[in-house]
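A quick write-up on the structure given underneath.
Per-chain residue numbering starts at 1, and chain names A, B, C, D, E, F, G and H are given in the order in which the chains are listed.
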């Protein structure tokens, strides 16, 4: 008679490393009742989707606009349905996108977990301050989910 | 462990061509996890429902009112539950109805896709500007859904 | 691929006639995908529940308060989850309760159907004006649900 | 540097006695920073407004509908802007209207004060249970406002 | 101690006749405490604003988009702050824009008044059904405001 | 065709007695369609989770902060999804935590049941006043759920 | 042309020391554009208000209920209108009340400042974790307001 | 009788150039009814405020946390009260902060204007796509405000 809730976790942000797979694998091995959603992580498709679906544009600006608006359908739907939002900031790229998603999620009142290398701590201090947790490694997100779902601490 | 979300798509607007069936067929063939809702598309039933269910009226105005209010039960419920709202403006008819539904959906923050022939672009500019995408052909809505759901671009 | 939504209908108001059963039977015979919720319709239990569950009171006023608050847990939860709210005003009793539920439902934006004998039309005009439909007979509610769900008019 | 808030109090319900004037006079004498709003209390105007403003109707039902919808513009605006809603149930009339307003106000989360003679306590128990206070006499509403605004108990 | 509320009324829709001025003049003469807001009614400015403010576009589609998005800043802010929204549909033009605004306002729960010639009643039935009142002449909007604000019927 | 709703009940507050198990057992024996959620009730894990998952802290204050924020992910998610919130105040400890959860739940409009020994009545009067019911014994919560779900009074 | 916002600050919690006056005086001396609201801080009046205004009760429980519900009118209105909520936990008393207000404010998304002696840090960790700031002395609240309003750090 | 609304505009983002002053000056010269709000733009104060007001921290991470949380009181209050939010991305710095504010504002449904040099267009495409306008120069924000407020195009 305990509730068997499945947690929906949105994995936002960086798309150039395999951090999402690391979290998925960790949760699978721990048999956690968690399902994941994510933006389209195929960078080329994500850039080209607007014109591929809706027709060519001469201007790069409007090509980007069409694409960004399509991606937003997926992104905002997933953010709105998530129980928890994890936002990853990587070593490279500006990733304003990731910070924008974090701001959106925070305004919706979603529990937020920020994942970034420690050297970004000062630059990300406002984002971190809106989060329920700040992690350095994907494995910590798995530990966090195990605790939140089952109340179990990581084996030391 | 990926989320297997089924998308609910409301198909609003024009009821005098088979655009809904075209989108349904395209999604079926693409095996997309999408279910569709729609207003009552039987024009005569939609016009007569108020008096047929709730009793005759002498005045056409109040006959229309009774019918429109019944139809709104179905329409607003479907709009409220939709993950995505597609609104079609056809060649004929004023379709204030369609624009009203688009305004309602936009105010709810629903992702909106507008489908209309290019010659209506100027007259529909405010409606288009509230949308995430503007399509000319039903097949583009199928492509859009394939991309939003699976991140796959249309085969070129 | 059409959505197979099950409609949840809350049947509020009068508890001294069998109007709820009439609607349930009509929907069952029409095989409509509708489930019903209702307040506790056992009048004696509804009056006594507060003290029976939470302990006796000397004052009738506080006995009533305890009971009304318990009943509100069920009532408001059902109102909040309903796709459609039907409120019945009968021949007798003041039924401020029913009007209160109608006001609550209307403020939540729930589609509202009012069911009452025609002689109450003037006294109920503000309540009727907040509704999507006004019916005189329970059978009309069945017809309304058939139309809203399947787009079918009642056989004449 | 204390906030000098002016409280807006909506006086809903019965229109056949001078209870509103009694509350206004009491607050004036006590120099409380309270302003009042109310429905149109001219019964004839309130009944006829729809057809007087929007054109005649043959059917009484639709005459009432037009009037009730006009009155609702004033009523719901005032309810939405009120800091406190007082609803009076009198000796006569069914006053479903008053109960409807109470339900609407309660669903909005407005603090609610119910004013009625003690013999209605059982019939109004659900309405009372949604209120912050139940009064028998208009003077108690004045005392309540003095306490809420200034923290002063009535002189005994 | 009566509340001296100033009503804010948004006048949406048709921009090719002087209906707004007629309502303003009527309210001025009646000394009603009403202020009005409106979209930009200079058609040429409204069409060109996007490129005039934000830079030229080669494509008409994107010129229109830029303009429509600028206009939406004014429109939605005014809709959001209005106590009452009047939407006028004129003899000519498709005015999907007006219907879109009506849908937006209705979804926000704003009291809505629709103003149109009687020959549009059937085509506008869904829009009318979401409104608190349907008028044929601007003078009726003035009468409506006099009643809503002061409870006075028009002199006959 | 009656709705077979499963009620989700969040059991907040005291973690040093077996009151949750008592309620679970009672509901199991009564075969009520109720599932329960709860905070992590392993006191040591709940205190240490922050540093165990997210890394050590020198300061106890920030260790507590990290832990409290992790626990809040679980707590607020459960509060937000609950149909009913039960908050238990025990004999010992300050349990500001429990009162905080009660305030949060009340602000969300959740039906609230407070469970405490009678000697705390005065100190908890504001909390009790926001609740739909006040119980002294866990068995009363079971009786309450039986009534709310099935409309059955406890056997006397 | 800078906005000259006046901040409304609600001072919740402990009523047995002069911390409110200390904050008011500090803000007055610093000439900050801040107005304060507070619960009724006359303990006896706050305890007796229910029966003094609404009539005597035999049972202490219901006397407390009547009083707590009156106080909630003032409290929740002030919480809802506050730009910032400060909650003080003192040395003595259980102050579940204060924690309840903190939970309510946090659920509304109000910026929250908690003021308490350091020895309560562990017991208040969940409350502190929902706050934007934790202070030990009233003077820090003045410094905080000076910074938030004017961007000026305290003179060191 | 036209509404004389004063627009409140929040100027978020980059703090290392004088773009805010440029917009303020332009609006002053144009005599627009606009007031501005902004984060604390004194970089050192903004970095140190947490420990200056709330007490020293050994760890830079928690020093930053305290500061970021104080700044968020000002930032979120201003975002919540703004009629329009302008977010500036400059040439240097990562400015995740700015993107976070843009995401927050967009989720609240605030009209958003993004101001950035054209070379950031691709990196900012998701942020731009959530905006009502994208500007390159502060003067365009002034032109935009003139149009939105008065319906006047910039003199060419």
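Note that in this section contacts are C-beta pairs under 8 Å (C-beta built on N, C-alpha and C of every residue); 3 or more make two chains touch, one makes a residue touch a chain.
These numbers come from a predicted model, not from an experiment.
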Remark   = Any chain touching chain B and chain G at once appears in the list C, D
Task = Report which interface contains more C-beta contacts, comparing A-H against C-F.
result = A-H
Task = Look at all chain centres (mean of CA atoms) and spot the one farthest from the centre of chain A.
result = D
Message = Taking the mean of the C-alpha atoms as each chain's centre, how many Å separate chain B from chain C?
response = 31
Task = Express in whole angstrom the distance between the two chain centres, defined as the mean CA positions of chain C and chain E.
result = 37
Message = How many angstrom lie between the centres of chain A and chain C, each centre taken as the mean Cα position?
response = 43
Inquiry  = Where in chain G do residues touch two or more of the other chains?
reply    = 69, 72
Task = Could you please write down every pair of chains that are in touch?
result = A-B, A-E, A-F, A-H, B-C, B-D, B-E, C-D, C-F, C-G, D-E, D-G, E-H, F-G, F-H, G-H
Note = Per the touch rule, the chain C residues reaching chain B in their complex are 1-5, 83-84, 111, 132-136, 140, 143-144, 147-149, 151-154, 156
Query = In their shared complex, at which residues does chain C touch chain F?
reply = 8, 24, 27-28, 34-37, 40-42, 45-46, 48-49, 52-55, 66, 69-70, 72-74, 76-77, 81
Note = The answer for chain F against chain H in the complex is residues 58-59, 62
Message = Give the list of chain G residues in touch with chain F in this complex.
response = 60-61, 64-65, 67-69, 71-72, 75, 89, 93-108, 121-130
